[in-house]
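Labels run A, B, C, D, E and F following the written order; every chain starts at residue 1.
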Amino acid sequence: MQFQYENSFDIKKKIDNSKIAILPVGAVEAHGPHLPLGTDNLLAERLAEKLAKRVNGLVLPTLPYGQVWSLRNFPGSINITNDSIISFLVDIGESLYHQGFTTFAMVNGHLGNGTALKEAARVLYETCPDMRVFYFFYPGMNKAASEVRETKTAHNTYFHACEIETSYMLYLVPEYTDMEKAITDIPDIPAHADVTPTSWEEFTDSAVLGDAKLATEEKGKYIVDIALDNMVKLINDSLGRV
Amino acid sequence: MQFQYENSFDIKKKIDNSKIAILPVGAVEAHGPHLPLGTDNLLAERLAEKLAKRVNGLVLPTLPYGQVWSLRNFPGSINITNDSIISFLVDIGESLYHQGFTTFAMVNGHLGNGTALKEAARVLYETCPDMRVFYFFYPGMNKAASEVRETKTAHNTYFHACEIETSYMLYLVPEYTDMEKAITDIPDIPAHADVTPTSWEEFTDSAVLGDAKLATEEKGKYIVDIALDNMVKLINDSLGRV
Amino acid sequence: MQFQYENSFDIKKKIDNSKIAILPVGAVEAHGPHLPLGTDNLLAERLAEKLAKRVNGLVLPTLPYGQVWSLRNFPGSINITNDSIISFLVDIGESLYHQGFTTFAMVNGHLGNGTALKEAARVLYETCPDMRVFYFFYPGMNKAASEVRETKTAHNTYFHACEIETSYMLYLVPEYTDMEKAITDIPDIPAHADVTPTSWEEFTDSAVLGDAKLATEEKGKYIVDIALDNMVKLINDSLGRV
Amino acid sequence: MQFQYENSFDIKKKIDNSKIAILPVGAVEAHGPHLPLGTDNLLAERLAEKLAKRVNGLVLPTLPYGQVWSLRNFPGSINITNDSIISFLVDIGESLYHQGFTTFAMVNGHLGNGTALKEAARVLYETCPDMRVFYFFYPGMNKAASEVRETKTAHNTYFHACEIETSYMLYLVPEYTDMEKAITDIPDIPAHADVTPTSWEEFTDSAVLGDAKLATEEKGKYIVDIALDNMVKLINDSLGRV
Amino acid sequence: MQFQYENSFDIKKKIDNSKIAILPVGAVEAHGPHLPLGTDNLLAERLAEKLAKRVNGLVLPTLPYGQVWSLRNFPGSINITNDSIISFLVDIGESLYHQGFTTFAMVNGHLGNGTALKEAARVLYETCPDMRVFYFFYPGMNKAASEVRETKTAHNTYFHACEIETSYMLYLVPEYTDMEKAITDIPDIPAHADVTPTSWEEFTDSAVLGDAKLATEEKGKYIVDIALDNMVKLINDSLGRV
Amino acid sequence: MQFQYENSFDIKKKIDNSKIAILPVGAVEAHGPHLPLGTDNLLAERLAEKLAKRVNGLVLPTLPYGQVWSLRNFPGSINITNDSIISFLVDIGESLYHQGFTTFAMVNGHLGNGTALKEAARVLYETCPDMRVFYFFYPGMNKAASEVRETKTAHNTYFHACEIETSYMLYLVPEYTDMEKAITDIPDIPAHADVTPTSWEEFTDSAVLGDAKLATEEKGKYIVDIALDNMVKLINDSLGRV
């Protein structure tokens, strides 16, 4: 259920029945020629909807901007600082707590937001002691992706606009995925990218980190459904639901 | 054109052709029984689309949370502090400037955001000297509204979920406007509400400030089209367009 | 009574008898050739004194600097950021609360301070729950001014060094008002001044927005006394005084 | 010359002729039974006026609140945090620089403001490279005071409402000095007051640190005139004036 | 070479000859019964010394406190917020840049500092454009550790006071490693530890994550020397050294 | 006892037995040709150890960077802002309080840290009400130094790398004191150094403020032991120990 389409007279009861707020968090960022700038927003939204159905949650409007420092110089990227994201999320979380929610699940579609979401969750841990805050980024996807991928990963933590993320799009947002434009562009990510600030234009022109042509809906479904199951289980476990 | 559905390869040229970024800014806030919590988001989005067509602008994803201090205790309201909004908007604006935009027009659907938008614009005035920043809130609406309204306004600056705002919804977002639930609830706003912090639950249970039953699509169209014309003219004038 | 001329041994009892602190807040800002840079300070001080007599309040030393962004480039203007003003006022308010005051009335002589005073009041609303905080800027003056003014207003919210403000000075601070230097300078304020950051040098050389020559003590007295009555009533009402 | 009584049309030329801005900075703080809460404001103002005459400076409106942490619990004290004072002073300084001043002399009447003034001056040292910023607190007074005092000082750096400060008042602000109420109250300041946060109510009920009865106008004049001479010399030296 | 033991007269030439500053960053944190609270400080120091010899760097005094949120409730842990660490490191970095260094290598001994170090490096990337900033945490250790470990890792990113870290200590700081107290304590880290704030006392009493008894100097040497080689190579590559 | 060499299993009991945490705070700063950059760190450490023995305290790892604004342009100086130091110290203090300490004694080896330490102590005074926080800088040294010094002091509050500080080093850290390089360099500190931001390169090339050649271990021991006795007494008095 989309929170913002409800009215104020009915929402109190619905909050009481659910108590679970789900916030998609994404980004506006270059994703190659075949995926839109809003890829991470769209993925987060669709995934949040699936999660909401499974756990009886309410889906909040998407926070559609994120921290894209590494790709900030690519056409179309809009970069938000961690501090701004943290403050904004803390405000949202504290309002949700005030409104009676006991679970606040952030469904993150963009790896670069990870730091901000974790920090915000720790702040809320202190200020909203009775609310559980989750920061989900496809939990369990690493193992699942390793099972289906045909090419090896370009980096041990990053993945971007590649076989994997494009597969997510084919499964969740096919209408904005243009496989005819998909490319293969396997960069040679320098070792220093992990230990010193490194803008991605240093090693890629396309922002694609791999072989997007190998993406399939099936791969996407396989990984995303595992991540979804994991999110469902994590929420249910935290609530003592069987 | 929706910015986030474009891809990074094509967007550079489109930015160069337009140079006008349009950001809808709204809120999640109680709007009575007949309008959704996301009313201000929906209005800002629809209005931004109309504006984009008229001035060849690119519509950014909506910033869907705002400062709703006065209604923060009503069911469903999510309140963001001015500081958080300002920081977030400044980050967006600086990225747009870096991307080559020369006009950044914020289309605001929520009066309470006014302070934050103006402050953000002043910061950007210093840091992005060649970019014009607008904070639009239905420019010219006061005069236009006075011409069509059948009831007098409950307050000289506020209007909320009333004859006027409901008319906007009937024109711009009829599918989320439920006139069967519309009510008449004319509050007696105390004089101190203008001079001391005053939560609205002090004078209204519904968050409706007037007679929503009198709303019509025509009234909405009349006012909104004037506001739209004004925005178009303000942007064109700033660009020296005839 | 001027707070700062009292001594520490006597003040405790006087605070207990009054419990109302009145803070004049002004600015140092260009006010044309006939009014001094400290116009807003002087007006706030004199008005605060009148208010104190009526409600048995204690007048604090004037905070004599304000946010004058729009006129910051005019000779003599000193501009303080909103953030600095807010922090300073919050500190004052919290000390007053600690000292036993239950009413903190800011008498503001400068429209541009409005944002900062309102924000400070909202912070104090949370931190000083039993203290009422007012931010007064000539409450009720719009209607009163419309009754006596001979020229129409240059702008629907601004007024500056014009028929109206000069009249206030003739009533409250005649010794610093030089009518021989008063001028008529009706600017054409561009429409964009309401929707994008606009320095006033863009549309006025004098900083006078109207016909200062038409100012009279009578007009000033008429409006100011209404504003004063309103302030008295607002304070008395909040205290349950008849 | 009092800056705020000048008008905007004349001030440009006067700034050009002087280029020296003098800001009195004081406090609202308990000063025993015989001196007013605003003692430090009044002293700073009178001293600033004398300094202005000697160096052809312009006197700004007094910043009448300061950091009075140690005495914050005494009746009538109003405490501002260092951070708030620093921000406020930096804003003033940057405006003065923008207005064409090349010397910004803060005449401080309250020892507790020392930290904030020094910090503000260091910030301005970076942002206003061509402006000299002074933070004066009776320069040279220690030696001069030791020559005239009849009682030994209660503390090696503090002095408060005592023989010395009361003498300043008798010289500079006699109309607000009530020697009939002057008392002798020599506290035993514990050694830990220099090495751990110590509220003064721990060792004094009166806030008087010494024998105020021994104050005389002559002592005040002797010390203050030396401090004044020193300030004049420091400013003149910095300007290369003989 | 230890920077702080040099004197100011000689250091200028030595900085010119080296231009590489190496900062050990550690933490004070519970590390089980067999390792000291300062384990991460000691490891970072010893490793920094080895690195300095290899690249001709100057070793700065250790920053001996870090972000230990997860273990903050264990006896002896001292937790610093990310914001405090970032500010402190940025100040250090800017001073080093001012002193003429062109490489600033942070040798981090505590995983939890990773976020702060990366953020600080990004700030310095903007403010010190000609200085390369590294944040090293045993680069390449994951692969190397997988080759020598006898037990599987308790978590895919954490390791703590276990077979691996104890081996580091046996190699680098044997004098503070007490293998007689080493324990085996393999916790069952709950899945939610990766997606919601989780204090470690929830799943371990000892803070040991594995079998410390299996630690050997050889294992430590094998991994640490690989990490050291990687750091040397990363620095040399950035300087264009063969 | 050095805190960081203890392990987590034993430390709880040791904290309970002591409850006194001692933090050396120093700086990296030019100290002439005969003393190392880390002079203030080394002095603080050695002094902290002596203090710990006398009062049964636990010595924390040294915070080895401080505010050295005045000497920031000398070779080897590393300058930290007051704000960064304050935040860092407050975090340490709050963790100590959480760990059960009731006394937090900062042993400061660098005068320039005084402002930051005092501010941090005041913050902790509010947040950790049952913990006593000391900021020690050789308490009582002024009198003691005046008794043994052969040359008069270059400044009434500063002393640096001179007869006095070098004597401290000869007593506490002789192994890093090179008397063969000691010089006599008595600067003429301009009067304005006390009233306007003044970098020390304006009046000294060596950073030595006096005659280091006259330093002796005996002078150092005389003053330092008095300071030590004073610290011991201040701590014992605060605990009600006889």
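Criterion: contacts are C-beta pairs under 8 Å (C-beta built on N, C-alpha and C of every residue); 3 or more make two chains touch, one makes a residue touch a chain.
In UniProt terms the chains read A, B, C, D, E, F = Creatininase family protein.
Predicted model, so just to flag it, every value in this text is computed and none were measured.
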Steps in the shortest chain-to-chain touch route ending at chain E (Creatininase family protein) and beginning at chain A (Creatininase family protein): 1
Any chain that touches chain F (Creatininase family protein) and chain C (Creatininase family protein): D
Most distant chain from chain D (Creatininase family protein), judged by the mean position of its C-alpha atoms: A
Chain A (Creatininase family protein) and chain F (Creatininase family protein), separation of their C-alpha mean positions in angstrom: 49
Rounded Å distance, chain B (Creatininase family protein) centre to chain F (Creatininase family protein) centre (Cα mean): 57
Distance from chain D (Creatininase family protein) to chain C (Creatininase family protein) - Cα centre to Cα centre, in angstrom: 27
Of all residues in chain E (Creatininase family protein), the ones touching two or more other chains: none
Pairwise touch network: line, ring, star, complete, or other: ring
Cyclic chain order when read starting with chain B (Creatininase family protein) and heading to chain C (Creatininase family protein): B, C, D, F, E, A
Residue ranges of chain C (Creatininase family protein) in contact with chain B (Creatininase family protein) within the complex: 69, 82, 115, 118-119, 121-122, 125, 132-136, 139, 142, 156, 191-192, 194-197, 230, 233-234, 237-238
Contacting residues of chain E (Creatininase family protein) [partner chain F (Creatininase family protein), same complex]: 3-12, 15, 28, 30-38, 41-42, 60-65, 72-81, 83-85, 87-88, 90-92, 95-96, 98-99, 176, 178, 181, 206-207
